[in-house]
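Both complexes shown next keep subunit A, but they swap its partner, so subunit B is in the first and subunit C is in the second.
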Partner chain A sequence: MTYSSEVPIERAGIIELITTSAQDVLQMRDGAGEQLPVLGEETRLIGQGAILDSLGLVSLIVEVEQRLSDELGINLILADERAMSQKRSPFRSIGALADYICDLIAEQGAHA
Partner chain B sequence: MSIAWLLERMAGWQEQPAMVWRDQPTTYGDLLLRVEEWKGELDRYGMKEGQVVAIDGDYSPNSVAVLLALIDRGAIVVPLTQAAAAHREEFLEIAQVEEVIALDENDQHVINRRPVVADHPFIQQLRQLGDPGLVLFSSGSTGKSKAALHNFARLLEKFKVPRNKMVTLTFLLLDHIGGLNTLFYTLSNGGTVVSVRSRDPDVVCRAIERHRVELLPTSPTFLNLLLISEAYKRHDLSSLKRITYGTEVMPESTLLRIHEVFPDVQLQQTYGLSELGILRSKSRDNRSLWVKIGGEGFQIKVVDGILWVKAESAMLGYLNAPSPFDEEGWMNTGDMVEVDGEYVRILGRQSEIINVGGQKVYPAEVESVLLQMENVRDAVVLGEKNPITGNIVTARVNLKEPEDPRAFKQRMHAFCRERLAAYKIPVKVEILTQEQYNARYKRMRRADALESRE
Partner chain C sequence: MPDQEVVLITGTRTGIGRFLAEHFVSRGALVEGCSRNPPDWSLEGYTHHCLDVADEGAVRAMFVDIQKRHGRLDVLINNAGIASMNHILLTPLATLEKIMATNLYGTFLMCREAVKLMQRHRYGRIVNLSTVAVNMRLEGEAAYAASKSAVVTFSQILAKEVAPFGITCNVVAPTPIETDLIRHVPEEKIRRIVESQAIKRAGTFEDVANVVDFFVKKESSFITGQVITLGGIL
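Take a look at the complex of A and B:
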């Protein structure tokens, strides 16, 4: 595990990381000319009113994993069977994804 | 014996160069003398008909002479080269090799007897016929090498038909069906095989210039390296008449650029398999990936988009795997193709197709686009499992100059968006510093390819 508990990971930071990633993905997929939606905790990632289709969601998850690794030194696999079998999908909104990431980090910390 | 016809033919070209090794020519007369010397050496050593003998070495006067002497003796030949060094012991084991003739840098040989008695039923079958054999290893998509045993006499049958006499560079190695094809094609038509010490573009181009090479049989990966290195600008390659490419799918962008650089050179796709030999082929034109394949002794059919081949000269079977042939002798090649009348277009290995949410992505198509991007030196596209879409498209890219990964990814998206459907655009991009092709200049697309590099 590369996560070090010396640096506390705050949920707000994770939200920002996901938001930045989502902006990047939206920009890459739609081109720079499009008006980007305002993103926040409530922004839906799948289902009705979602800002991304399934390919976009996959791109977002890859991007978030990459940034967690590059910027925070945390290596997580977000899209796996575990995530898919959660009662409520961790991918339903930016906030839910941030919660899921914080849970995974806490778990890693506990095992570290 | 089975190659008496070839040796007779070669005797008619005594003074002409059969090969060039370390820039020195060896005439057909010299080569035949060496074959005679080897026959004596094999006698002295007590090597008998039907023995399984490995030749460990690259192209050289001695490796070719001993190969011919062994075929003449009815031996079962197992060519090994540096490219397979990592699998050497495994290959010796699988092929039940009894004798190893190793040739060093200076073409000096050592013979080692292994405490093995080859008794595989296919080997015994060949011995009963008194025919020579050939064992070739194919890498197989699962990574486990399969040993194909051929009746060498039958494999050589097709070379009896006279064809063009050409000066040919031996790009593919002696343990590869394409490399052997080049050798026997050249020798049976009075041509010259030019061997090179390395497959570096500058080394290859220098040899083409110096020995006025006419035919360059190679791989798309090498042609891409040739373009990027611009080695063709530093040498006079005006002797080239034909470039053939095979062993992997040609990215269209590479083909078009090669045609631009060599407008007067015929560009010809080849198709063959370790199990079946090399088929006759004819590209629709120099800029086309559509190719007619088959020829005498071969039948082809396409079932559910997959190419099947039936060959008269097919191997007896694998030494270490079940037969890949159906009751009628057809073999599923595992290559996905499109069909247009008599022509096929090879799309890629069925095992390498990436299924993204039910839609098929052929790595070669995406690679072809990535290779057109500025600052991209090489690109390999492969699938990675993903629970949302089944798989995602991953690109492993080598850059010419360092570039910020995030900036590259943005640029790649913008470039691909105009050229590929959204689901084909790589979701994950890895920028690599190590090369992604193997010793045979073939791109490696398996997820674990980089760890298992030969």
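Take a look at the complex of A and C:
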């Protein structure tokens, strides 16, 4: 699926961006030599079975924001009031975060 | 990516901010500065951004620019500040809102965006400016001192939250210094403040730079959440 922005953004590309960011955060936490878990859409970011603690989640959100800006020229604040007030957290899994980012990009495109 | 230290200072058009910009450039840093209006000076190694520190969009755009040009930020000095000396009964709400916007919201936005850049390199030094008016509970400065009290508390909590990223955050609280900020304060009031200090003289830009230098040293990695008040105000 493609979302409107300055450049076409595929959901799969966003998933990859989040996954790479999560790998970087885990590597920074555990050290470069450690075996990383396999990450995918279903990977939990918060709650039971989450791969990150609360500080790790903060780092991931910041890392994703930075990569969106650096690699795609998209400037978003992910942890805004809307994200925090949703019944189902957009940070619950990599897939949910990707959906949330795609929605924000589409809205940004619509308002551009 | 530059080997030089990258330093961002707010409120660099005049006064302490300008002095600190020149100070850091002279020791080889790449300095980024900002103020609402353009400065009437320029310096090699210094880049100016015209913005309101409380404008979230403008602040974020500046950090995107810094990230693109330097790839990192090592030091943030939140110097930009405004004051309004008046009795609380004569202070309009709009004045309080303006003071809080520049002094607190501006510091908040700068710190938040700076930490995003700094945490990538697991290193950063933040210095926020307060004032002796906080410790002295100066009459006529309720709004200004309250905004700076908020900056102190904010800085101390920030210090805890960003310590795991290798980032420190400290505060320097200067005494009256000859700047635009105190241009409208009566001489008698300044004299009384100076008289209440352990060291009875006006502060200088060098006094502030000395404390800033101490806080931003690489060796100061074990010092965070601290407030150094100049002049011996207790």
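Here is the rule we go by: the second predicted complex is superposed on the first by the 106 of 112 C-alpha atoms of A that agree within 3 Å, B and C clash if a C-alpha of one lies under 4 Å from a C-alpha of the other, contacts with A are read in each partner's own complex, and residues count from 1 in each chain.
Simple rule for what comes next: a contact is a pair of C-beta atoms (placed from the backbone, for glycine too) under 8 Å apart; a residue touches a chain by one contact, two chains touch by 3 or more.
Fair warning: this is a prediction, and the values are worked out from it, not measured in the lab.
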Tell me the contact category for A:S54 with respect to subunit B and subunit C: first, second, both or neither. first
Between subunit B (first) and subunit C (second), which, if any, makes contact with A:M28: first, second, both or neither? both
As a test of reading the superposition: which chain, subunit B or subunit C, is in touch with more residues of subunit A? B
A:M84 contacts which: subunit B (first), subunit C (second), both, neither? first
Taking the superposition as given, does A:N75 touch the first partner, subunit B, the second, subunit C, both, or neither? second
After lining up the shared chain so the two structures overlap, which partner does A:V62 touch, if you call subunit B first and subunit C second: first, second, both or neither? both
Residues of subunit A that sit at the subunit B interface in one complex and at the subunit C interface in the other, please. 28, 55, 59, 62, 66
In the complex, subunit B residues that touch subunit A: 356-357, 386-389, 392, 406, 409-410, 413-414, 417, 422-423, 427-428
Residue numbers on subunit A that touch subunit C, as the complex places them: 28, 55, 59, 62-63, 65-66, 69-70, 75, 77
Contacting residues of subunit C [partner subunit A, same complex]: 60-61, 64, 67, 115-117, 119-120, 122, 164-165
Residue numbers of subunit A touching subunit B in their complex, please. 24, 27-29, 31, 54-55, 57-59, 61-62, 66, 79-81, 83-84
